[in-house]
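Notes follow the structure.
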Amino acid sequence: MKHNGNIIEDLKIAYIGGGSRGWAWSLMGDLALSGDLSGEVMLYDVDFEAAKKNERIGNSLNSSFSYKAAETLREALSGADFTIISITPGTLDDMASDVHAPEKYGIYQSVGDTTGPGGLFRALRAVPMFEAFALAIKEYCPGSWVINYTNPMSLCVRTLYKVFPGIKAFGCCHEVFKTQETLARLAAERFGTDAIPRREVKMTVTGLNHFTWVTEASWKGRDLMPLYREYCRSVMSSPPKPIIRDESFSVFACQDRVKADLFLRYNAAAAAGDRHLAEFCPGRWYLESPEAAEGWGFTLTPVSWRRSDMKARLEKSEAYLSGRSRFEIRASGEEGVEQMRALLGLGDLITNVNLPNVGQVPNLPLGAVVETNALFASGKLSPVFSGAVASNILPLIAPVSARQELTVEACLRRDLGLAFSAFVADPLMTVSLKDAEKLFDEMRSNISPYLREYK
Amino acid sequence: MKHNGNIIEDLKIAYIGGGSRGWAWSLMGDLALSGDLSGEVMLYDVDFEAAKKNERIGNSLNSSFSYKAAETLREALSGADFTIISITPGTLDDMASDVHAPEKYGIYQSVGDTTGPGGLFRALRAVPMFEAFALAIKEYCPGSWVINYTNPMSLCVRTLYKVFPGIKAFGCCHEVFKTQETLARLAAERFGTDAIPRREVKMTVTGLNHFTWVTEASWKGRDLMPLYREYCRSVMSSPPKPIIRDESFSVFACQDRVKADLFLRYNAAAAAGDRHLAEFCPGRWYLESPEAAEGWGFTLTPVSWRRSDMKARLEKSEAYLSGRSRFEIRASGEEGVEQMRALLGLGDLITNVNLPNVGQVPNLPLGAVVETNALFASGKLSPVFSGAVASNILPLIAPVSARQELTVEACLRRDLGLAFSAFVADPLMTVSLKDAEKLFDEMRSNISPYLREYK
Amino acid sequence: MKHNGNIIEDLKIAYIGGGSRGWAWSLMGDLALSGDLSGEVMLYDVDFEAAKKNERIGNSLNSSFSYKAAETLREALSGADFTIISITPGTLDDMASDVHAPEKYGIYQSVGDTTGPGGLFRALRAVPMFEAFALAIKEYCPGSWVINYTNPMSLCVRTLYKVFPGIKAFGCCHEVFKTQETLARLAAERFGTDAIPRREVKMTVTGLNHFTWVTEASWKGRDLMPLYREYCRSVMSSPPKPIIRDESFSVFACQDRVKADLFLRYNAAAAAGDRHLAEFCPGRWYLESPEAAEGWGFTLTPVSWRRSDMKARLEKSEAYLSGRSRFEIRASGEEGVEQMRALLGLGDLITNVNLPNVGQVPNLPLGAVVETNALFASGKLSPVFSGAVASNILPLIAPVSARQELTVEACLRRDLGLAFSAFVADPLMTVSLKDAEKLFDEMRSNISPYLREYK
Amino acid sequence: MKHNGNIIEDLKIAYIGGGSRGWAWSLMGDLALSGDLSGEVMLYDVDFEAAKKNERIGNSLNSSFSYKAAETLREALSGADFTIISITPGTLDDMASDVHAPEKYGIYQSVGDTTGPGGLFRALRAVPMFEAFALAIKEYCPGSWVINYTNPMSLCVRTLYKVFPGIKAFGCCHEVFKTQETLARLAAERFGTDAIPRREVKMTVTGLNHFTWVTEASWKGRDLMPLYREYCRSVMSSPPKPIIRDESFSVFACQDRVKADLFLRYNAAAAAGDRHLAEFCPGRWYLESPEAAEGWGFTLTPVSWRRSDMKARLEKSEAYLSGRSRFEIRASGEEGVEQMRALLGLGDLITNVNLPNVGQVPNLPLGAVVETNALFASGKLSPVFSGAVASNILPLIAPVSARQELTVEACLRRDLGLAFSAFVADPLMTVSLKDAEKLFDEMRSNISPYLREYK
């Protein structure tokens, strides 16, 4: 990396999971649009062919960045200024076990990659991978900034820090932005202005990834919480819209009913998609059954959908490669490149990220990964003090942190006994101890190739 | 109070709940056996007649203490060196609501006075009473030592400290002693000695009242945890004994199966009766149904039993008063009088008590009431550092503390909304939000006379 | 206050100490230059005439703000959106005692308003005044933002929070800006650019007011600490310039030799004027004698200078009022108005301010007022996590915090015994206990009218 | 080690510094008097001949313990149940530098082994030795209890824990016992009883070794602090007794004037010998000169005295070995053997020891070694919560902790720059920076053979 006036050249970015047909393409677009950065992106993937294909796609763009598939982590990481980690820990078959195996016990998960039995088993696979990444980063690029997009977010970031405490890592997630956009829309309506960019809405963010809470929000000094309260009331004043699986249907859609219900109960805005929020609550609240979920205006995301989505992405990839289709450069809405720019000194940025708790959330455990605002400024990332989790919400959040800490310990020690303790304490586990043991065994057996080191 | 050589005279003890037909009699016996104390016990009770009767019973004993029923808290407390609080917050009808109202929703409680929906509603009644006690103690005897025996223990003690931070209060519970006795018995068997007094077993105690954990135990330098592990294995190696409701039946009996199951899962000894422990675990574990509980070797304690027990106690009281029966002075096994002696400087005592956390359990919230060993020594009660709750147990305990803090706040603010947040987050609440709301309303309505200040 | 598009109208600013001939005029200029704010400034001063004169001066400017002298705190504060406190706690005679009384004991102070014997006695006068301000703010404008400029800064801000914990106060000081400017200059020289605005230099700021440390600094991603090290080495490589008291002489001037010496010893940049830094160090380091100070390139600030400076200011005031001289509107370099704008939602601001420690400096006591960066953003002021004070600096800073906490307690309890404990523990107090007692008595006697409530 | 009824046999005790002619003999006597322990003591010393001689002396006693000089740490430690460390880190020539080199700069130390310039240089020698001990203990007897008697106490114990966090070490010092004895004597006088054993006086102990504070004291429920206040007043009401260096003179004697002065200033009893207390206070308080010290009723302890004392001890050793003199078995007054017995389960013990802070002193840094009461009970040593250091004392104690932490870091990193930062921040260092540097260089040069690894 070198400075040339206000331009930064020869930037080296390592991308772990660089064969991805989603985040990798977003990054390509955002980098192509960044006027003041140039350099090289090393694409590393366990599927080297996929990385190779992305190398070709990336290099076909009109961009100041070149792309190169790396055969080893060492090659990818050596000299990296930034390291991006965006992997799928396991196959869609593995994920089918995570998401669907519990269903025969009446345990439904709307996503299954963050918490609940699915999140736990995904962690059993992911944490050892992140352990290896952390060791490789320590060896090959200890000063690199590391941006993680992989779920389970908190557990992956926590692993990086436990294995290499000197790492400069953080985790990014766009879920909170949607609440920020809602607030921006409400403000624009109320104050009769043009569309307000979401960044103009200032929020106090606290909690854990996918179970994040906005406790204060304002726009140019105007308190937006009363508007949000009105919005939540209006959401709940009409019945849920029926789910119609026509061409406009999206598995990610929600009607904000979980958010509205939580806001009206807890007086703070849970800021993630309803599908994610539901999974952190006791199993009988929003996920008693697929029908119950639909009654709350959202649907479960079956792995079959992910399979067909993946198929579409692969086709898109082939279309790009064959020239049948043209990669359109556009802003992804993700913040990764802006965060890089801020860390490089090209303008301050304040946004919510996942970092170990050094006191920014004083009533969650020190060291646990929390999601709050942080200041990105010229070589430094500093959490912003976000205040204690409110006493009425703490009974829901404190155990999540405790389970996450236990889960990472279980994974790093390769200890299935500890993992079961985390598994069975999850509020989605509305079953008997006996059934919990059966389900655990079954899920363990489904992904046994990953668990050889576990005892 | 005055010293006369090694004798302490003119001690003044206030007893709130002094009409009791249980604890009050235990105290009378223990005081009569204490050779080096003398003085007066003021009996205060909302049922003044009951206090009057106990006055007569107390004064009929061969004791260096005299007894006097007090008509007001002021009269009882003024000048007290010690204040004992042992009340029933509400009637057995109220308790019937606490314990049995949830059953129609499939929520079973084995005791119903500590946690779960019953514990919460008992707290809604008890906390305002304890608020009044704390204010009266602050006014009339701020330097008095205050010993609480009332459940919900943690919430009552927490209230005393929140309302009067300078109070010198602690909460006592004998549940842990039973595990200590089991350990003493196992040690005597293994090491071929005579019966070992439970006090000789040294334990590290940590956690919350009725969900207390023994993490280390030894006798004369010999580690007892391996013996306890063997014991738990042997308990689980045979099927539960069938419950037979003959004359030998006791509602308090248990077969240590919950304790054994927890020990084998968590590698630490949960030290309270199985009936209590079961209530802190997710509802499907040990309390799915009355039959399931019996499968774990214990029974639910119906309020009907308490009614007939109370009838027997009242008859016993009348028999004492009429001379038909003679009050037999004997050691109760409770530690109250020994604690008083130690605080008066007549010998150190180390035992487990409930106190606000000043760091004795470093990973539970400061201020929350925890149960650990403490040193009683001549005018001073000091918690002994007990170590962090183990990471595998923390997901079960952390939310209990969070709910208890929330519950006390809800009660002191008379806020039923906050109370509902605590109610619905309880792991015994295996029902939908809608059913939780219905149950809450019903239980609220059942005890509405106590809740007039609540909104 | 009301929003009118991007303009904020009817802002109400209360100014305690509004008769000032320094800060008040700076504010007038900065407000006149702020394009998007308008409203009224209420000037309160114990010297009502002085406030009256400033009212006339303020209203003579071409500004969207009007000025009004208030006869009571109540009148000034009622409805205030912002409250500025910039007072002199006592007269210049009082300050002469603070600064010069210790000299006959060989104790020299270069400023005497922050720490050392002078800072302590200034606090004995100021804290009760700030206690009154806090109570008035709680009563008349509890939601007002409160900006303090008065020294002793940490003690004044700490008092506001101790007396009214809900206050929204912070303390501002420009001392750190000078180090930021030095860094900007060094960066411009090294990187061959035009002058760099100090704000572009990003710093990690930690410590206590006037004893603040910059532990990291960068400009557009370039680490500036090596440049600063070179600078410090070059400062120390040449002998101090002799102090010549000609017309170019300034009592505030320094040659950065104390800063350079501290940097080279501690590997972190002490960021305040040398005059301030010297006072926090043991008395024999930089302040053994006036000559020793000059050997370090700075001079003591005698109160005689303040008297003649005040005379000049009074003349300037009269000149403004009579029209003999024209008030020139220009930016003061202070940040108060920018901070207001950020709090009103008109653009984020990150700068160093004095706030109670909620963990932004994890190894200083919680609650103690520390100086770190904070984020000002639309209705919210949030400290930025700044990291622990380095272990080699902590022996110098930890006792300052401890003495400050003790001093505020001594003042709020009006307890001269506690005040003496703080006094005698100061590292400038290089005298015997007997002499310390004599000096304390003498200084106490000098300002006795302020100490009537003290015992 | 094995249990045989209530007797513990085959105990293995390692003694590092086992050639000592003081503590080692105390231990021999105490072990000979212990009725229920038997086993072997391994004597390790860098002076193997000295250990050999003690082997002969030990084996000549009528004792259930045998003694054996060990040639290596490995031999001494392997299989040890207890490890005692009581060494002199360096020679008396080294100590002459520690104590006397500073005198030419007007810096006087009454002991010079704990704090001040002498304590620091002693630490520079001792910490690397303790680093080696900790590593050896980790290797050869990781489960051993480790009792340290070596000064600088806090720094030696801190080193053991930093190097081997799992160590079971504590530090013992008898200084506090003397204040306990004074309190016992005052109580016996006031309450007209026979001599009261010091153990019956219950105290709250808090602070740092040799700068320990008793904040509460009682005997059988009677508050003794008022008696101590009277005592201190009476001490100060008469002039100091002149120091006469006749045969009754002891270098350790003091008139409690420093203790009395501190008590009357701080309202808490500093509990160590006046010689130790004086060294923690600013240099001008009690140690301005040897004459000033005598005016406070105590004398400096010159190394010349230590030389002649050592000579007498060596003669005593020879007399024992030749049979000219008989080793008299008697209780030493030290608590080591009682602590062992308690840890072995033969009776609880509560006494003050030095341990890393886990919260027993909540306003000193976690991890720093503090001195408070702790409970010794059957395999477990648990600190007793002792309360925060009072706000008026904290400015004296907080910097001691900060310097101690820095000193251990400096020693473990072999960094003389950091060591100088600790050195120059000591309140005994009443000199200029230039003189501090000269003194540091001189002391460094005096003990340079120990500092080869330092940079």
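Some notes on this structure:
Per-chain numbering from 1; labels A, B, C and D assigned in written order.
We adopt the following convention: a residue touches a chain if its C-beta (ideal position, glycine included) is under 8 Å from a C-beta of that chain, and two chains touch if they have at least 3 such contacts.
Worth saying up front: this structure is predicted, and the values here are computed from it rather than measured.
If you take chain C and chain D together, no chain is in touch with both. Least step count on the touch graph, chain B to chain C: 2. Look at the CA centroids: the one farthest from the centroid of chain C belongs to B. With centres taken as mean Cα positions, chain B sits 45 Å from chain A. The centroid of the Cα atoms in chain A and the matching centroid in chain D are 55 Å apart. Annotation for chain B: no residues touch 2 or more other chains.
Chain contacts here close into one cycle, and each chain has exactly two touching partners. Each chain pair that touches appears in this list: A-B, A-C, B-D, C-D. The touching residues of chain A, when paired with chain B in their complex, are 261, 265-266, 282, 284-285, 288, 363, 365, 391-396, 398-399, 401-403, 405-406, 409, 418, 420-422, 424-425, 427, 429-433. Against chain B, in their complex, chain D makes its touches with residues 3, 6, 8, 191, 202, 204, 216, 218-223, 343-346, 348, 350, 358-360, 362, 373, 375, 377-380, 382-386.
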